[in-house]
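Dropping a structure here in structure tokens format, bear with me for questions.
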Amino acid sequence: MAAARGPGTKRGILERLESGEVVIGDGSFLITLEKRGYVKAGLWTPEAVVEHPDAVHQLHMEFLRAGSNVMQTFTFSASEDNMESKYFEHVEEAVWAVEVLKEFDKPVAVTMCIGPEGDMRGVTPGECAVKLVKAGASIIGVNCRFGPGTSLQTIKLMTEGLKAAGLKAHLMVQALGFHTPDCNKGGFVDLPEYPFGLEPRVATRWEIQKYAREAYNLGVRYIGGCCGFEPYHIRAIAEELAPERGFLPPASEKHGSWGSGLNMHTKPWIRARARREYWENLLPASGRPFCPSLSRPDA
Amino acid sequence: MAAARGPGTKRGILERLESGEVVIGDGSFLITLEKRGYVKAGLWTPEAVVEHPDAVHQLHMEFLRAGSNVMQTFTFSASEDNMESKYFEHVEEAVWAVEVLKEFDKPVAVTMCIGPEGDMRGVTPGECAVKLVKAGASIIGVNCRFGPGTSLQTIKLMTEGLKAAGLKAHLMVQALGFHTPDCNKGGFVDLPEYPFGLEPRVATRWEIQKYAREAYNLGVRYIGGCCGFEPYHIRAIAEELAPERGFLPPASEKHGSWGSGLNMHTKPWIRARARREYWENLLPASGRPFCPSLSRPDA
Amino acid sequence: MAAARGPGTKRGILERLESGEVVIGDGSFLITLEKRGYVKAGLWTPEAVVEHPDAVHQLHMEFLRAGSNVMQTFTFSASEDNMESKYFEHVEEAVWAVEVLKEFDKPVAVTMCIGPEGDMRGVTPGECAVKLVKAGASIIGVNCRFGPGTSLQTIKLMTEGLKAAGLKAHLMVQALGFHTPDCNKGGFVDLPEYPFGLEPRVATRWEIQKYAREAYNLGVRYIGGCCGFEPYHIRAIAEELAPERGFLPPASEKHGSWGSGLNMHTKPWIRARARREYWENLLPASGRPFCPSLSRPDA
Amino acid sequence: MAAARGPGTKRGILERLESGEVVIGDGSFLITLEKRGYVKAGLWTPEAVVEHPDAVHQLHMEFLRAGSNVMQTFTFSASEDNMESKYFEHVEEAVWAVEVLKEFDKPVAVTMCIGPEGDMRGVTPGECAVKLVKAGASIIGVNCRFGPGTSLQTIKLMTEGLKAAGLKAHLMVQALGFHTPDCNKGGFVDLPEYPFGLEPRVATRWEIQKYAREAYNLGVRYIGGCCGFEPYHIRAIAEELAPERGFLPPASEKHGSWGSGLNMHTKPWIRARARREYWENLLPASGRPFCPSLSRPDA
């Protein structure tokens, strides 16, 4: 689909995926810059690019150091990658967009912001996947609105739909950095904690390693994050998939895998945490005994 | 205690506190830079100052924008403020340090990293406070190791000790940005989540506003944070105390107070969150029904 | 189906349901007698009938006082009601049983011990319902293995299956007195708390009133309980449906509806609990901050 | 103190304790009979003795079978044991009562319904213990209002007070069968769940075995329960202390110790629960992810 290129030229995402590469996306820009003081929640407009370019640049650098090898989210433009990417709540809109983009003869990636219950009109993830691939999308997946576990449930339903229809596509997932098992169709914006009380839901780096591994096992090869994904979460993806990719990201020079940096701590019970089984099995407490585990969505 | 200064000279912390100013400290450097990929957990050494000065500078800027009007933590040197500051686990060491520093005729601030149970040998917070003030400290308080609620319990016990002894001092608090009601004497390092699974314990901005107000009501006038305190947490202190201080911090240009930035959202149930009562009363869920609320410390 | 009877004769369950009566089942015998010291867990054999007939009789009396107007569970024989009743894990077995029983020309009630995921071979609740009614069952439903909320989800799926197939049946539900949202297909026996650590899951009387109302609204007219249902839970069904049935059970002489018995308490904050809104909205705490909300089933 | 008795006469509690016997109290009457339909919450009057003597007798039998070797609670009269017993919220009242009773030359047992914070005027448990023993009480302890763990904290403070004063007494504990770590001074009646939403707080039999062992290790030799203690909870005390007492209670014929009755279950994962380590380490879930772990008391 993409033209052949000479050595040294930058390859497009589709070429990279077709060559078997694991592509690591970036993470959260708006929500992260809000916490750093440069973006206003509610509006969520990206004027920080103009007003505080250093702060935006700094965050880009952090994601690159963490292992991201595609920069997509903040500018909402992926043209440098010779690919158009959008995300949708309704599968019809997504299908129209794919059909239009196909006329420009570019590879098309479409992610939907849906959960396991499907789009806002109840079209299931499996049906959405089939419609998108039939319309011509090369890369499909989910983006935003749902946490790591929930997003992978959706991806699984998409792959089952494709399989039943005898279709194939590259898969892409960009989950929230927040756990949202209690969401309805509308996703995390309908949770009472959105957007200023989501802290207890933030994923640990180990929960993200689990997410990366499960995504990989489901056949997903474009793995990134969305709102709530900080640089160290992206690094967790890159570390989990280092065996498959053959290298660690730059920021791993500051991170001993599975907590190994603790093995010189003076307290023996903290040294005892410098191992994989410890962090893999940890059930982290919230420190909030007056709060529930789950909330009821507002809609 | 501090020498008189001419106009235009920078005033020391003690002068500022004695003039009735509310001083806002800064927040977390090492733990925050670890998540951004520049510091290694376990070692916690500050070589980022040399290796990635832009990243450190960027974080300093964020805290300043958030309202911090003293820069202390990362370099562990407060000499620019003409004051020596240290923190201690044992009250004897703290007392010796105060006595030595007093010989140099500088105002002395001492914070202890103790909780309500007192120092490692069981000296109560009230007794610690009395010993420090008798040794000559002008500013006393607590720093690190315990979360917002727990640190204020300790401060309260300190003020009761001082009152009973007929003594006075300026008070300073720099709590963790993590809730730790389940800590023993050793503080958060003994919790099984330390340091890589603390996410569910991160305070919301509203919980920090409550902390700032309660600290103020206890008479504390130097209010800041320690590990886990991000720029938006510092901004929350500055916003809560804006009526007393008379101004908002620069970063509040990107923050509607009490969620007011949501009042133009398209979904009515999200607009309904643009009010103080909503966020003040929110009990945020962890999204983790298989995890407990509290942990048992390892020591 | 049942033969006509003269005045004064005891009517069978089917007649009562066809006349529009709401029948209230009984509750837990084996698990309740285990806690009273007369039945051994694991074996769960009913030798208490012979060894301690007074204890069994006492429990029967308690359920009758609580409003139960059919006695079924403990002896596993409903012949007095001129009806055969069984419960099943596999829909084929249930269908065979119905076919055999129909030859004896008796009305047949069949409850399956399945949850929303269907029987052990994956036949959905809707399909099970259709198969049972087509085989000749007059009364169908679910019994045991799943808690109140989960059992009603299953009933709802059964009614949808019947509706889609244009069929009708009387409905019966006998849920556990334990909350089990975390069950898999196998039900509560696969939860790690079974059978000796189920206490935190026990339903309150208010949660059972909600169950009774929702069951009624789904069209269920035979409403009872299974393991974990104590006499006061049965009374809660009878009290919730007193407006429809026109009378209260005898044991309500010892129960003010919605906590009204508290309105003479000496402490005003306890008097303030003597009202419906209070108990309807209470989210009861477990007093166990080191325990999770949900467990992972063992199978 | 008690007069000498001939062979065959019934020994009083004090004699039994002085001879080294471990006495097991009974459990909950009013709250248990409320759930069985015979007592009205709020009033909590014992007219069931007259109205439904069989039901009261049945519960007495259950406690006896479970191992209780003293019957005290329901009639509020212990005269048969040649001992007067009362419980108090204020230590002054308790002291007066002891002084009056001493004039009748009877051994006196006094339990206070206080928690670790002490009596309603702030007299600490240690001070209460000293005052009661100095006034002449032979047996002191705590009764009702607080859960197992909290009651033992109080007992520990009492023993420390006695030790510091060089005094001795027999100890008695009758905790609630509900976990109440979130109580203030007023005890469980101030929790929002009192009295109709306490179910998630009910102790398991294993939690009561732990309570019995810890009470024994603190030197308590009269161990029983109060509201919420069902017969199987009393049996758990008797089973835990069977090695010390030399015998099991009658109801243990229906209870394999540490779940051993499960070792013939058909499902291997349920057989795997037939062992001590399993139940000792179980952290039972509430099945209620929308509920908190702790509540804030109303007073």
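Brief remarks follow.
A, B, C and D label the chains in the order they appear, each numbered from 1.
Definition applied: a contact is a pair of C-beta atoms (placed from the backbone, for glycine too) under 8 Å apart; a residue touches a chain by one contact, two chains touch by 3 or more.
This is a predicted model, so every value here is computed, not measured.
A centroid comparison over C-alpha atoms places B as the chain most distant from subunit C. Over half of the residue numbers found at the subunit A and subunit D interface occur in both copies, marking it as a same-residue contact. Taking the mean of the C-alpha atoms as each chain's centre, subunit A and subunit B sit 33 Å apart. Annotation: 44 Å between the Cα-based centres of subunit A and subunit C.
One finds 54 Å separating the Cα centroids of subunit A and subunit D.
Chain contacts: subunit B has residues 182, 283, 289-295 touching two or more partner chains.
Residues of subunit C that touch subunit A in their complex: 283, 289, 292-294.
Contact residues of subunit B toward subunit A in the complex are 34-43, 54-55, 58, 61-62, 65-66, 147, 178-182, 189-206, 230-232, 235, 250-251, 254-256, 259-265, 267, 269-270, 272-274, 279, 282-295, 298-299. Considering their complex, residues 182, 289-296 of subunit A touch subunit D.
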